[in-house]
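Please go over the structures that come below.
Shared between the two complexes below is chain A, which has chain B as its partner in the first and chain C in the second.
On to the complex of A and B.
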């Protein structure tokens, strides 16, 4: 990275199944204004805006960045749209960071959102195509066989998924912005919930949320705001096709390559020992143990053992998703940015009840599509 | 050489999207249902119609809602001599940008003027709402704008 870049402002909406009180413009402005206030800036201080959301077909609102430009104070400024399916919130953060690290801009506002109540993602992901077998299964139906493959390879017991579902919902009780607040959550409640896509039960799947996230990123000579900056120490994206001969859908090469790149930039050789807290895209419970392995927090086949031992719990040595994660809030386009934003909050010491004391270095990860788009960053309270 | 036959299939894609319109556009649409035209005060004091939640020039929040119209001025127009079934009127009409009294911006709507020689830039027009029982809170609650004082 040429120029140092830091997060100096964060904002997010209260994530809910239906934000009927706001328009899409109102939703993104809610998060953006909060990020500007956190950075102690106004619209006029921003050089460029980078926006991301999941595919336009979800809300049926084509190229929404065009009509949202005036809503985000972007008139007369560069505005970019990023498209990488579910990982888009992460990729959008990285495109914004590149505009700083390349020396092009000093302060960039980045925003991501989804208004699932205006849409139906399940439908949009399952549109029958001519000359192709209909999938009609949504995301869960796509991922369930890969989860079964992981269980077979690793010998993980069935209850591991339920443990993740309970752990992330207990964490969400500490996060006032989380969509799901289920104070009575326990293993039995998850086990009693409806089977959706074997082995995934209803409570092992993410909710469908309306919400937005925003960050202000700044160059070293343009830092502002009352909280300390979260410095970016490494950032990378990797992609691979949905299907090709020999593809490992359980442990995708693109994810391994992406984390290797980020760790090399950040000087991390032992992620479990050197990362204090992580926010990782876990929309279905089993993706916690799968990503523990993909991200190199343990050896292949051992991810579920870390979950089982409580290593990823709030009190564990590598707390994952202390915000409640995607399992507790899923405004799809914003979900990846929320991972990146939450780790910035951790190293800035502004995460409130879900703050990990003394968090100094943190990993944010997002994935999307058919586990094929990956984006990650490592942020720290220390200047690189 | 025989012409090869292209593979083709019918493909119907449909889904009913919904929209939550928020406090400003929502108030405007509710106003239409009630037979009132509302604008919003922008950052510099100008009145924007249809209203937005933000000043489009600055991004700042807009202020109070203000009633505008029912009359206004045609700022520009285009005649539609042969309306198609999807057009708002079955008879020839003008698409027009209309700046309502009290507003600083123009709004696109329909002028039911009879003929192209009966509409001109600068003409005064007034709103003609559908009957109250037929209004649903949508732009089409305004059936058309008509020349002030009736069609010439």
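On to the complex of A and C.
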């Protein structure tokens, strides 16, 4: 029987395009100290540290976890680093949670970050490969063809992507930590922005951010902090190969399997009815309708209809990305953890201006690589 | 000591540029060598899975679905279908192709998996899903065991492929 595990502290930096005022160590400490304070704990109360970030080439800083151990109070304690590309913030949270649910530790600090301004992730994602023509132009270049395939398959009108781009930026205005605050955002502004990877425009893509996220996870007998705990009701990870014949790149099997697993653990049979709020990794606008279908919030081909009807808006019946999402802040390694952290904040009632009233059960999701790594958790204000 | 500028007066050093360069060796192995030797002769060589019958190009020596070695070589056509694409209009460090350019997923006739190809000799606003394309190779004396042997794909002049024929490859 697994031990119960809850989030008892959260912290994040103000996400910005450049944080030249702090080193990477300073950046991660900022988030970690905030999470410890939220949990009413100090460094010495922590049993182990689990850190995650995206590929080292994104900053040119090899094996940063080695130099970050003292900065995170990990000297003399177990510490390790997780990597699953863009989903890493989510899988790092889950690896930390496993250390509690397995009964190994009582309190674990988990931290994820990216300091994109230190190097050039676009370049790092576009390095020539021996077995491909040198065509890949960053993540947008990878995902845009799959977005086009979704548009063709679902018959979605082309303005749906712009609706998501606007909605998430409006949500970000409620979140003081969000990188992008665009008070004048509207459909026209998105449409007028530069076409980068046709059919994706500049404002339909995530920004490049410096930032960090941190959480303190605890076992049932070690709960502290002034906000109520966010209890984990289900957690799962799945992966699949980037390339295999018959692979559905629009609606990956690994994502479907991962959500089926996490819903079964949490006793959820109708996600749209039973989940109050969701934070889902949407780095390019069209991934909202695509993941609505992949996560079983609607039938295949209907994701865009939920977006169009406003179901995922702040006032909708299933608010998605109340924080502003990845479209508003993208410190890549931390982006997955920010999804997991936001839903913990929602069920703890500490989300301030972006709080959904009465949120009791919430889904956090992250994906990475070529849609090949998935991680998810369901948290609730109720003890499982 | 008075009058001297101290480190505190100057404030923190915000950033230092540290260039990194790396040339790396890649060992293709037995399976991928078949594909590369094919390119050297100006043709695409794939491999068929003995269990599911799917043809992979380039083959990595095993079927990811069935986990068995792929042993049968299959010569593939020089023509194929654009299953999906994007038009890249963003400059980035290290870019080797002039923008805007068409980056497409090309499904060669006889293959069960698409790969990324550059499409040229068509205006970027005329590219479409289902376009039939053919590979244009470098001059025979310039052929090498690498994808640089394929200059690009261009429209083959055939009618567009029906969506039904490639929708399961998206």
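Going forward, the second predicted complex is superposed on the first by the 379 of 384 C-alpha atoms of A that agree within 3 Å, B and C clash if a C-alpha of one lies under 4 Å from a C-alpha of the other, contacts with A are read in each partner's own complex, and residues count from 1 in each chain.
The definition used in the following text is that a residue touches a chain if its C-beta (ideal position, glycine included) is under 8 Å from a C-beta of that chain, and two chains touch if they have at least 3 such contacts.
Because the structure is a prediction, the values reported are computed rather than measured.
Trainee: Contacts for A:120 in the overlay, against chain B (first) and chain C (second): which applies, first, second, both or neither?
Mentor: Both partners, chain B and chain C.
Trainee: Which partner reaches more residues of chain A, chain B or chain C?
Mentor: Between chain B and chain C, C touches the greater number of residues in chain A.
Trainee: Between chain B (first) and chain C (second), which does A:153 come into contact with in this model arrangement: first, second, both, or neither?
Mentor: After superposing on A, A:153 lies in contact with chain C but is clear of chain B.
Trainee: So in the superposed three-chain picture, is A:17 touching just chain B, just chain C, both, or none of them (first/second/both/neither)?
Mentor: Neither partner.
Trainee: Quick one: is A:70 in contact with chain B, with chain C, with both, or with neither? Answer first, second, both or neither.
Mentor: Touch partner of A:70: chain B, not chain C.
Trainee: Classify the contacts of A:197 with the two partner chains as first (chain B alone), second (chain C alone), both, or neither.
Mentor: second
Trainee: First (chain B), second (chain C), both or neither: which does A:270 touch?
Mentor: neither
Trainee: Using the touch definition from the top, say if A:131 reaches chain B (first), chain C (second), both or neither.
Mentor: The answer is both, since A:131 touches chain B and chain C.
Trainee: Who does A:60 touch here: chain B (first), chain C (second), both, or neither?
Mentor: Both partners.
Trainee: Which chain A residues contact chain B in one complex and chain C in the other?
Mentor: Residues common to the chain A contacts of chain C and of chain B are 20-21, 60, 118, 120, 123, 127-128, 130-131, listed in rising order.
Trainee: Flag every residue of chain C that touches chain A in the complex, lowest number first.
Mentor: 12, 14-15, 18, 20, 26, 28, 32, 35, 49, 52, 54-56, 58, 63-65, 83-90, 92-97, 100-101, 103-105, 112-113, 115-118, 124, 129, 146-147, 150, 163, 167-170
Trainee: Could you pull out which chain A residues touch chain B in their complex?
Mentor: Chain A residues touching chain B: 18-23, 25-26, 29, 43-44, 59-60, 70-75, 115, 117-120, 123-124, 127-131.
Trainee: In the complex, go through chain B and note every residue touching chain A.
Mentor: Answer in residue numbers: 7, 9-11, 13, 15, 17-26, 52-54, 56-60.
Trainee: For a test of understanding, state which residues of chain A touch chain C in their complex under the given definition.
Mentor: Against chain C, the touching part of chain A is residues 20-21, 60, 118, 120, 122-123, 126-128, 130-138, 140-141, 144-146, 148-149, 152-153, 194-200, 241, 243-250.
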